[in-house]
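Alright, structures below, take your time with them.
What follows is chain A paired twice: with chain B in the first complex and chain C in the second.
For the complex of A and B:
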């Protein structure tokens, strides 16, 4: 018995997109909704951490609010609370949409999302309580990691099944990137968790494994997931075929082969062959970068093909214009620009002398923010703004707020990345000048970065505002959708009773 | 191209390769490291396990996220080799002559210049072969000379250590917290640089009271305020109105850990010419062992 207006599934030709969207509703509401809350919480704590630089006594009475706990908690909320679930939800929806099939077992995926978020909650409380593992980007303690593992397993397995059951058997570049990201994360996270926390390796082997994990997570996984979304937007939202798909697949393989060996700093206190290999891998990563540029630039510059059926030419817009004509597309396009800049800078930083110069300064922090926020987060915002209204079956409650969030996010992250990169370079040059200026004190160098940190705090405020807008918009959308569905269910139930009353 | 299994296999091969290269191989090599007597000129065992309290301190260091602002790793850009003449011998002219004739590349040595103001560096920042040739020539002429090895680099100019950090320095630490950002100074040798426990207590309680303009947050929660009962505690950092501020067991452990941070033993993989002052070594060892240095003792040490 189908309600009037709903589209009936036709097995031969795949099912209609609104039925696919409906099948993803429950898992995506759990994944996106909670992710938006974690994101807002993350920027609240990120702002607290940022203020501590200007006023060291701010909130210093309680142990759980010390900088060394607030900062990793904020970063974990961002990475594990927001970025991973948002990327997983996006992957599920894209697999379902391209494969023209409904999500397999939405209930189990939603349950996996709940388990995952329980893990994030346990992990964040653990960090505040001082149970952090101490390793950056994977601070959440062992008990939280167990919950994360089972949560990921539930989401991942049913996402794979969704892909496996696809009715459109073609597998495009978008799916390749997202699938590689889906496999990559559990492999690197479980390796790092087992060898750093459960059976800790000896001495600096720990540091090597940690650097390996960090590069594989914040550069490679982030690149795979973000680029998957970018390709989806180009191919399926802007509706432009990729200029050279085999080259994109080549870029995928070479980045998996090369970028996965990077991350060990040139001057690391480990046998010299390890940073040397890592440096070589970092420099050779120019190959996937060039390949990606050779795919993306011609694709985005190409103008619309005139209709072949002799119809009038409606527009000559390039794919780039088409992509940036909507706010979600503009978010993704900004993310793509940030990605290309970040990879070029990473490449330059692979050179040992440059690496040694900027190591331990705010420059490296700015670079990681460029990758994690300006690229990955903006891309995921674009995905959420595209997907959520489709899944809910209604428009955003405040469509203009979406545009406002775009500007807050872009200006906010620019106010963080640019000043900190400049401040970091200044800091690096002052560090390096100690031999010629023996009177230079550390406090002078550290306080020289304060102006830049102040500007970045303003950026943090803008990001926080944007996150509140996103969370408010998304949660209201979900609430309205739920209310509309409840009302519809009530109506149909009442209607049945009425018909039953009328019949005799 | 249309098989998901292909993506799985390809990604699996890639992750396995990187795993063998960057996880397994380092672990095979570094995991075999043991305590040894590879320190230069001494038969000292290195590294040694940190004292129990210092190991607890590492947990406090980890829990409070000190690693987000402090690195523990000294980098080195090169090594300067100097030749130090300690004794010109009975015939300084012969020594100068031998030095001129050697492969050391010296062109203007003379007896008067050579024997004045000893010990002194007669060759600075030369390569090892020239330094060896000079020492051999001087020794054969009856003088006494030594090769001095001085690591150079920005971190060493900042006085954060006398040589670069090597894998051996971290053998007994878990977690190994090398850090990625220097909001605060490097701590790889903080125990050698700042051996006074009371300084660290005051610094942790109110950083700006000892380092003007410091951006370090205060850690009042690592201290407790309690009424003075009878004699004031010897390690109270502040006492007034019948109350005193004393470090908690966490603060004691943390400071014991900080004082145990010193990697200045010359190793074959990171040679350096040192003669550690015996006074300071004794002071730091006692500080790490018993964790409390009375103000009098630390004052006399300085």
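For the complex of A and C:
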């Protein structure tokens, strides 16, 4: 079947892609389906937390609904309930598809997904009950972390085996990034969990470890996972080879080397050498950013398939046009833009004087939302909208709702990030002018951001609507797929009985 | 491995690889790392656990903060004097006529050995005494043994004895000297009197 001189269109010993999709069905239904529910729940509590900022008495009568519990719960649901499982499911499917091999042990991966979600449930209930660890981005208590660990182990091991068993032995940039993300999360989460919760480090070391974990999770892991998806879309959905693959791998290694040291603010109350190293690492991170830009910009601007790939010139549209011609691709492209903007802003914020200017304001929150939502979440939405119908073997129940969700998500996140960034800069300039305007008390300055917070609540409502649409669409798709498969199984069983009846 | 794979390389894999990491990017990275090393040398305090922002190195921290040593004993003494002694002996060290004897240019303060002075501070002083030819004794000196540490007493006496503004120029007092005297008079509950002090050698 693999005749010499065959073009690359023929898969090497490949199995049909719908068989690969079918092998991923059970694990992806568990990972994506529950992730969509967590996402909707996360935005409900995120909206409550957002409203509390301008209406403090809203839902304040019960302890579990106070800001200190609602906000960490919403963030944990987003990070651990939605982002991680969605990224893991996407990684599994991409490894299987590029490697032209079915998922290894789908049952164990699905069981791992169930265990993981049990851990998230225990963790969220723990946060509402007041058992939070008190460390941002890893508030879920110790008992939840144990479940998360074993869940991740099951998913991660069989995802790695899927990669190992790939029939197409080439390892592309997409796989490099996703593989790095797959290893990076367990390493940082288990280290932080052991050094902060199980055997807590003393003194300033705690703060340093926590900053290290937060930066590695919300910037580095998020960047690796999101970029992996972006590269998959460019290479395999828009069908364009990367302009310079070695440079992309160079960007991967330099980000692992430098970005992993960032995250400790310049004026942090810890021995000066730690924030100094972090500042240097932040500035040197310009190298992977330049490398990524040098890979992505020419790739996306290129209009023709390069002759070396042996392809016919079929289209004069640029890769960017191809990428944005579908809604999932448009989501990923928006995520990519957000990623580049976020990285540039992060670089500027690595400069100590800028860092001191914007610290303790809404600007840092806006930047983190740009990274976590506008980049990672939009990219993962793109992946889910691409993968789920293929895995289910049928189209979305409401295809137009997908387009509606795109607009809700983009406008919603813009209504959160832009006002809060503007409000944060206003806040920062008022803090900076405090010496010449002593009448500006902290409360006066904080009250000046109220209008921006009200606009961001509108953004949260739009995101919530989008999440409800996604969950409704996805769960209906899964239900229809299950019903169709049950009906088919019933039909074939009945047919067997009929032929058995006819024969004698 | 399937032999047909070895015989049938992909067309695009036969081409020499043109994609490389540009050299200038590596040069830029090395330059930034060099800048980082210089920046760390200036700002990082060389891993010292005592250097915090906004200080940049241990010398700066030492320059801005009182530490150990005799020179700093003088500064510590200034603050002890300001909290403990200034109410009676006054900021200028001249005291109040008839009540609180002066410390500035006083023969009691400028004795080469501090034994008597340490006793006065530790156990207090009452009764008449003559300082610079004037009679004092209407007030009683408080015993500070239970209030001030050896370090603080050594510091305040060093401050008083070495205060050039007051015309004093006597050797510094060490915490060890204070500790030795404190041990000798540990059982004493009464303040000293001037004749009793004069009967003790200042070196003891």
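Simple rule for what comes next: the second predicted complex is superposed on the first by the 483 of 504 C-alpha atoms of A that agree within 3 Å, B and C clash if a C-alpha of one lies under 4 Å from a C-alpha of the other, contacts with A are read in each partner's own complex, and residues count from 1 in each chain.
By definition in this document, a contact is a pair of C-beta atoms (placed from the backbone, for glycine too) under 8 Å apart; a residue touches a chain by one contact, two chains touch by 3 or more.
Since the structure is predicted, the reported quantities are computational estimates derived from the model, not experimental observations.
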item: Touched partner set for A:72, first chain B, second chain C, both or neither; value: first
item: First (chain B), second (chain C), both or neither touched by A:200; value: first
item: Partner chain in contact with A:164 - chain B first, chain C second, else both or neither; value: first
item: Which of chain B and chain C A:287 touches, first, second, both or neither; value: second
item: More chain A residues in contact [chain B versus chain C]; value: B
item: First (chain B), second (chain C), both or neither touched by A:23; value: neither
item: Touching partner for A:277 - first (chain B), second (chain C), both, neither; value: both
item: Touched partner set for A:457, first chain B, second chain C, both or neither; value: neither
item: Touched partner set for A:244, first chain B, second chain C, both or neither; value: second
item: Interface residues of chain A shared between complexes with chain B and chain C; value: 267-271, 277
item: Contact footprint of chain A on chain C as seen in their complex; value: 2, 4-5, 7-8, 10-12, 15, 17, 19-22, 25, 28-29, 32-33, 35-36, 39-40, 43-56
item: For the chain A and chain B complex, residues of the former touching the latter; value: 52-53, 56-57, 60-63, 66-69, 71-72, 130-136, 160, 163-164, 169-171, 175-176, 179-180, 183-184, 187-188, 191, 195-196, 200-210, 212, 216, 249, 253, 256-257, 260-261, 263-264, 267-271, 274, 277-278, 356, 359-362, 364-365, 431-432, 434-435, 438, 442-443, 446-447, 450
item: Chain A residues touching chain C - in the complex, by the definition given at the top; value: 2-8, 12-13, 243-247, 250, 254, 266-273, 275-277, 279-280, 283-284, 286-287, 290-291, 294, 308-310
item: For the chain B and chain A complex, residues of the former touching the latter; value: 1-4, 7-8, 10-12, 14-15, 17-19, 21-23, 26-27, 29-31, 33, 62-69, 71, 73, 75-77, 152, 154, 157-158, 164-185, 207-208, 211-222
